[in-house]
Amino acid sequence: MKIEKLQGLIAAPFTPMDKSGALNLEMVPVLAGSLVKNRVKGAFICGSTGEGVSLTFDEKKQVFSAWGKQASPDLKVIALVGGTSVSEARQLALHAQECGHFGISLVAPYYFQAANVAQLVRFCADVAEVVPQMPFYFYHIPVLSGCYFSMYEFLLEAEDKIPNLAGIKYTQEDLMDFSLCLQFKDQKYDLLWGRDECLLAAMAMGAKGGVGSTYNYAAPLYHRLMEAFETGDMEKAQHLQNESIAFIRFLGKYGGIGTGKAFMKLVGLDCGEFRTPVKNLSAGQLEALRRDLENIGFFDYCSKV
Amino acid sequence: MKIEKLQGLIAAPFTPMDKSGALNLEMVPVLAGSLVKNRVKGAFICGSTGEGVSLTFDEKKQVFSAWGKQASPDLKVIALVGGTSVSEARQLALHAQECGHFGISLVAPYYFQAANVAQLVRFCADVAEVVPQMPFYFYHIPVLSGCYFSMYEFLLEAEDKIPNLAGIKYTQEDLMDFSLCLQFKDQKYDLLWGRDECLLAAMAMGAKGGVGSTYNYAAPLYHRLMEAFETGDMEKAQHLQNESIAFIRFLGKYGGIGTGKAFMKLVGLDCGEFRTPVKNLSAGQLEALRRDLENIGFFDYCSKV
Amino acid sequence: MKIEKLQGLIAAPFTPMDKSGALNLEMVPVLAGSLVKNRVKGAFICGSTGEGVSLTFDEKKQVFSAWGKQASPDLKVIALVGGTSVSEARQLALHAQECGHFGISLVAPYYFQAANVAQLVRFCADVAEVVPQMPFYFYHIPVLSGCYFSMYEFLLEAEDKIPNLAGIKYTQEDLMDFSLCLQFKDQKYDLLWGRDECLLAAMAMGAKGGVGSTYNYAAPLYHRLMEAFETGDMEKAQHLQNESIAFIRFLGKYGGIGTGKAFMKLVGLDCGEFRTPVKNLSAGQLEALRRDLENIGFFDYCSKV
Amino acid sequence: MKIEKLQGLIAAPFTPMDKSGALNLEMVPVLAGSLVKNRVKGAFICGSTGEGVSLTFDEKKQVFSAWGKQASPDLKVIALVGGTSVSEARQLALHAQECGHFGISLVAPYYFQAANVAQLVRFCADVAEVVPQMPFYFYHIPVLSGCYFSMYEFLLEAEDKIPNLAGIKYTQEDLMDFSLCLQFKDQKYDLLWGRDECLLAAMAMGAKGGVGSTYNYAAPLYHRLMEAFETGDMEKAQHLQNESIAFIRFLGKYGGIGTGKAFMKLVGLDCGEFRTPVKNLSAGQLEALRRDLENIGFFDYCSKV
């Protein structure tokens, strides 16, 4: 399979919910429209930001379908199909294909850990083989999956066993391992950096794009950062990365991943709340976050709806 | 809800598969028969040993049904209904009820971690509330779930919020926390010890029963151990616990949880193999394990089919 | 070397400090007297409770000397001689010998970790060899040392390489590994249990004694527990273990190891405060602890001065 | 205190040993000469690479003295004075001052962990206060110290309490926290990046210099990397960082930190071996490493003796 490298920003969309906590799929075209308007090139759905693990099997299929309708050469859709059950992941991979998605992705099994890299590759291969024409991305996020294997070792093992392996969504700050993966076999694979708060560092090491949650609501900032980097204006690029860090700090301050949906509300793209066990912001916290964001000028560079 | 304390041995059955890796539910009555014959009082299904996480949603429902037909006052069935999706867990809880199970159980969410004990209790309460007449057991197994909260703190928080809370399947060697849970409110709750290799230690601290995987194939040994303990013959009880440790060591030697299904083959209760990412024994390893077990006299005290 | 098994309670004494934080060695005979009076058989000095790591090399030697003067067949002194520097540990081992100590002990290196069990044994052997006539105890406390190797594997590797190996101070709740060590080569080695809060569980598995910090101030309680266990009165033994847990919980409530010196003040054996980075109790917290202890009747069973 | 920012490369020298494992201080002038010749601006001694924890207190003083004689405006010496004992660290700080060192450094206590950032700052302040005229650098290396506190929080707490705080030797890949420290109070503090394998990434985020072990033997490579970065030639800078990664991988292949002294032998600066528990290369491994390094052209860009 010829690997098409994704460049630029890929968003990991939030899955929209209504006030009762049920899916609110009418928001999907709105979200997709905002991504295209803000020059985001793709949507990595049902991953961590997309709460894939909190959805039922049927809900995932509905979300795949809704995003499939928005898929286009300008907005490539990649679906996270895991899960800890290979059987369900295979069914979801086939469904992603029917929905016209660009590719699929899989996270390391996170209840039973893979005993070694070979077992991990086998787990992935068992899923990837059902859609041999679709690019397969491994989703490396050890802080959530608990799987800390070297991705360079993964590529060594997987190259022959997963013919449709396209690359890795790399959400871990191990820049040496990341670089080894970037350079693997003359830059054969597509490496998507997953830590928005240090995208600049990854670009310095050779990254051409990133997947992240903050590209849902602050893409213009990162486009300016990437342009500054490309034109060699490192001072400006650093300044913009620090602007990014300034608002990402509030995710920690207000309690983690649940804060993301609060950002979405504040930019006018209400996706409801995260399901348990993720903690959401209270009304008071939402207002406090708004004031914090106003104070740092966040709304000057946030995404347009 | 009046809490009925489970005493004695509860097995965590393996989910039987055929050679292709599909469910082999015809084995369920055979397994249940062996448990009753060996005086095992209950079956905790679709947990870690039962590979719940590797089954599809539909497969779990089929396994629930098959075990439901074996449920009786002499063989209480408790189903693990999680999962990281509250919605699926609720559906499975209702299905367990329809199948005539005795109780349900839930493990802490293992992709997104609960932010604190209150979030964990909320996650559990959202599931337990759909079957208010069924005993609810929290399944504490931090080495797999990543959730290390004190269970004493859990009881403090959960007592009012989960009216049908019956107890905890406690699979962690924290005997102080375990004792605090045992003694909580005049021994209000049912505490089921989950580490077969030191059941004797837990009994010394006050445990009356245990849930484990080795009770599937070595129950007679543990009955003798419990009887020795009850009659005050600590030397004999220690000897028997050491016999248990002697074969449990082979789980480590041959690579972990997958070894359990090899034991089942060797006692004549073929449940097939574990699904990926769990590693199974090769044919050569299976024979080596058989020899190891013969050398320590395992087949003298293993369960009868 | 013929291994003499230590039975009963060994205390891990606090190192007494004056108000300025300097050593207050005049308290050592007082502490030793209280231990003998309360039938404690030994003193394991300069370990975690004894703040060995917070003392200078010279201070350690002074503490060794002070305790050496109290050493007797009724109060065996074992000195922790590590440390991360083999050279210093060797010098301290020789000093312990000169001071008339019964044995020495070493913790796993805790800055650079031993790469494997063989490296750990080599580290120990390099120290143990300078005092070939003294019993050598390995001090297993992974929560502080970061070294989680199986102690059974340690014994397998060390048996030939450390001729004066006498046993292990085992401060970790891994009762299977502990039992394997107890049973190793017909119970060749001396295993000292290091978790006071579940001494009863360890005794059920075969332990004959323990080393701990709470034996400094609550030995009578544990003597009654051990007697109840020996006479087969498990209900009473459990009750006493729960009494022990009741006050050990306050170590957590008031912030950890520093609380131990507060207990000492409250039983009339003022050892001053822990050095940084350990946190001590404020005057208000000390009073609150006193009230907590009064409420649970602690002063009825604490050690006599 | 006016903070002088260190720019460029600072080496963390190996402590030279003879064949018996004793100090070989005659090598210190040779090492210092090589550093100056290769435009390295400073020496951070007795840290991890320098095996501070494996030296006796007296040996550390000797090493401080030997390096003090090499100190100059062109080769600033900073001594790691910890340790887990505040008293010893204070004595060593005073000795560093007498020896004419530029600054001192302290790692977080690594046996008893600091309970919180305030306790950590207190621990540091107790040491820094004895040399109020010397720049104080905190040494952040959580993988060895176990202390994972945010350094941004550390600066917030320390700013008022450590008047001579100059900065942080930052050996952790948390580029967001690192950036927050860099930008703290208009770039008040000196941040020295400690991961040689991704120096380029840190420079992109704003770092002006680094401290590391590979600058002992491969400084010319990094000078070229820094020059390429400064002149905006990112492609060349990436290429050079990848050259650096190519040889750093061999540290992993041959077993970790002990490999560093093998590199020194191969460039003609024999520092002997690491002390236990660190594992050294066998003679065969040393030759294999030489061949590996020849194959990647390492000797073209290594430091000149």
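Chains: A, B, C and D, in written order; residue numbering restarts at 1 for each.
As a working rule, a contact is a pair of C-beta atoms (placed from the backbone, for glycine too) under 8 Å apart; a residue touches a chain by one contact, two chains touch by 3 or more.
What you are looking at is a predicted structure, and each value in this text was computed from that prediction instead of being measured.
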item	value
Chains touching both subunit A and subunit B, listed by label	none
Residue-number overlap at the subunit A/subunit D interface, same or different (half cut)	same
Rotation angle superposing subunit C onto its copy subunit D by C-alpha atoms, nearest 5 degrees	180
Chain centre separation in whole Å, for subunit C relative to subunit B (CA means)	36
Distance from subunit D to subunit B - Cα centre to Cα centre, in angstrom	50
For subunit B, residues that touch 2 or more chains besides their own	none
Complex interface listing, subunit B residues touching subunit C	173-176, 179-180, 183, 195, 197-198, 200-206, 232, 234, 237-238, 241-242, 245, 248-249
Complex contacts: residues of subunit C adjacent to subunit D	48, 53-57, 59, 84-88, 91, 109-115, 119-120, 122-123, 126, 144-146, 255-257, 275-279
